[in-house]
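Letters A, B and C mark the chains as written, and numbering starts fresh at 1 in each.
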């Protein structure tokens, strides 16, 4: 177990290094400069700005400097929101994205998995077909179609829920964005759960249990769930990654002040410190999510513990 | 007891191949067959019809006085905020989205198959190393890197477009002719970075699957037999092993396409992929979503086509998976 | 456990359905909710140049002269209670409000103003909008480091509450000019707490540190989320402030903003996309506002390029723009131009622009390009997706009437600006919003070497007339001279004016004290909400 952990840790570090290098050089190659605004900036002032941010140094020098700074914990300041530290910006945006992601994935699990179990239980019934049809819709209707429609109906037309914006405290703001974001994952989870449950249900030990007189409900929950959930659990890691990238769209549709918004702005303006910070953060999150998924998978299925 | 008379014909069971069985099962799956038809219609419409300008109006022609008009005889899907015909924009947009899906999938599947096959066949340190790389790339935030990559390559595409147009049209051509060529060259060349960026990162799952398959097949006796017959590695891999692994490859290819199309549409929606005035389903949906309360048809038709294509591909993929699964019974 | 989770979720959802909209609650609280388009770069008004920033800055700070709620030309007292000037309008003396206070209670003195102008004009600060202060005597020289002693620059504190401003030339509209945020004071005692006078982007302007002399003070700033200000009790005119607070929401996508407004989340929007105008007119007419705004859209030409260097060619392009159609279909509600500078007070240049394809074709032929033959292949530069429709319309017009095909090239904002500044373009789709209500803000930029000219064009007679007008104290004569100058501009056409801006936006009927203004600077202290 320990060897496995160390192995994964090492791998994680390598990923982060690759990620950082890739991001740095890609961003440096981006067109656009963060310093342009509507009115002309005199040249002598421009030169000062470039010197101030160290943008006139050769690339390898900039790279080394950034790398050492990051290891010290200094992520630098944004080039677009001048004077603002990257840590401050990410510090504001991260809780929003985190909250959104957690609510979305909780929704996905608590809606998707039960639906899948029910569909497996009542296989080939109307219930099965309809839940799977809904699931398919969730997979095939992208979030950027559903989101605006929900915002339009529930927000603009019926004025029941806010059409945009976020509040860490007021749950009203969480509903539409997290439903839109979690729908795709819920759909996938329900299909995977159904498949996994059906697989487990067809095993011999189930036949034995049934012969012994165990109720269908108990068979499902006590005997099959653990094994049946394996494919679904394996998906949670990628689901999390999907939610991270999905949040880019959701934050755009609902104007949420999360990491996705900052990311898109940083791309448009070539704001390298912010980009690096966000990309590294995403990288860490995905690594952690995959890690957690692996652990969960091992716990659920002892046969995988080699 | 019955007796077999000498004159009764002996019932010979017709030999059935794996593919024949699979095709048979597939046809019986109604959802999959319907999907196949739907896909055929959409693909033909989007890929072929634009070559007949008499049938489909130019998607970029503006009819400003007629802007934002609902579906009518002249414009079956209505017009957008610049008076452009939505029907042709949906078809042209589909061409781009589908092209990205197909081309990128082929690139990524080819990459994945090669990578996975070599890793699965050679095994040992090489396998370890190759799969480590896959693991590392897998952990990268995909969308984020693609966006970065795409944006970085952007300036090169303008040069690429100019050079290609120049090459096709030749020196001293008339301005009008050059512009005509540019209209169809530009969407393709500006999308190249997109193809590359997406393809460069989406081959990972395929490689894992192929590797697993190849390992399975490679451990079977007939492979050892081939080796002892003196067949080269290359021949064995490509002529014997891969054809036997085709099942999952086909299934995942079919299921990768919608994923990639969704990806392209997401990028275009965010304004980071295909750019206006070129249409892609993502752009059309984004323009439609904004104006939904005023002109719902702007959102309805592109979404309909897009969702239908995704549905069909998914059902087809499921059907293929069921059809090719050797565990299924013969009847 | 699972069951209780679902129960909890159900309760949450049921209680979630709103009883009243956010706007209704804000009405009761006296908080104004406004869509403000973009995340502000900073609230240090000497470091910014954008309109969204100016809205917030106008709540936290106040200039010598205040904005009037309904009259663009009026000059009510602001930080200055009264002012006088000498005979030739080159020296102005401002008497500051005796009760003028910063939001931490410290008095606002003339020394603060001198410090502020010193800071802004210091080359080390690299203030992007510093040219607004060049009206001051020796200011340009100090900023360009031609002189180094700030004592020589024309601002003096005669005593704690008296400020003297000496100008390079007579400026009859100086009081109006000081309404622009580049002329606002910064709190010297706060700025120096967080760094040197010329340190850029220090923490002085962040939440918790920033101190202003305006009707409100900053309480919260969350990026891409909201900026919140509340009533400033130390403001000299606090008793006349109608609101308890303001929330600025930086919503970039105008469609999202419109959705938010109609979902009851905002009192007013920054803009309204033309597509939605018809729908709004049908469903909530009382919210729709369409008001003239002091700005012009135009096409900037690079007059150093072959073909475009000939004024006949430029006129031909201008004569084939159907401005009426353009405004009707592309920029809904905008007014087609007949000259460049929008109407300001009694100033309006002679209407010369017209749509005349016949004449255009003749001019083009005279210039050596009959029927568009042999004309070089040029492109028009745009930066925003929203400008593409207009560019495509122009492209179609020129192709039809002149036989010339112009390509469309799109660049991101930064590259778009750079291309024009370095004359690395052929044509560019552009716009200009006036900074203050005097024609000079539209005409001065076309002088040689001005950072906002970027056409390669200059004209001696034009500049002569402008400096003549600058010396002229009589306002009518001054306008006459400037009209003559503008006539030259319109004859030479280094730029092709197309339309005058009209602001389309949404405003809830319960907002009081908000009137149409050309500069769109609605003084926050005069706004109130009718909670009924």
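Everything below uses one rule, namely that contacts are C-beta pairs under 8 Å (C-beta built on N, C-alpha and C of every residue); 3 or more make two chains touch, one makes a residue touch a chain.
Computed from a prediction, not measured in an experiment: that's the story for all the values here.
Centroid distances built from C-alpha atoms place C farthest away from subunit B. Closest to the middle of the protein, by Cα centroid, lies chain A.
One simple way to say how far apart two chains are is to compare their mean CA positions; for subunit A and subunit C this gives 39 Å.
Distance between chain centres (mean CA atoms), subunit A to subunit B: 24 Å.
Mean C-alpha positions place subunit B and subunit C at a centre distance of 48 Å.
Touching of two or more other chains is recorded for residues 289-290, 293 of subunit B.
Multi-chain contact residues of subunit A, defined as those touching 2 or more other chains: 31, 152, 156, 252-253.
Along subunit C, residues 253, 259, 262 each make contact with two or more other chains. Partner subunit A is touched in their complex by these residues of subunit B: 132, 135-136, 138-145, 147-149, 151-152, 154-155, 258, 262, 265-266, 269-270, 272, 282, 285-286, 289-290, 292-293, 299, 303, 306-307, 310-311, 314-315. On the side of subunit A, the complex with subunit C involves touching residues 31-42, 44-45, 48-49, 52, 80-84, 89, 92-93, 96, 110, 151-152, 155-156, 159-166, 171-172, 175, 252-255, 257, 261-262, 265, 268-270. In the complex of the two chains, the subunit C residues touching subunit B come out as 253, 255, 259, 262, 273-276, 278-279, 325, 328-330, 377, 385, 388-389, 392-393, 396, 405, 407, 410. Remark: subunit C residues 2, 5-6, 9, 12-13, 16-18, 21-22, 39, 41-42, 47-50, 123-124, 126-131, 144, 200-203, 206, 222-226, 249, 251-253, 256, 259-260, 262-265, 412-415, 417-418, 421, 451-452, 454 touch subunit A in the complex.
Subunit B meets subunit C in the complex at residues 60, 62, 64-65, 67-68, 81-83, 175-176, 179, 271, 275-277, 289-291, 293-295.
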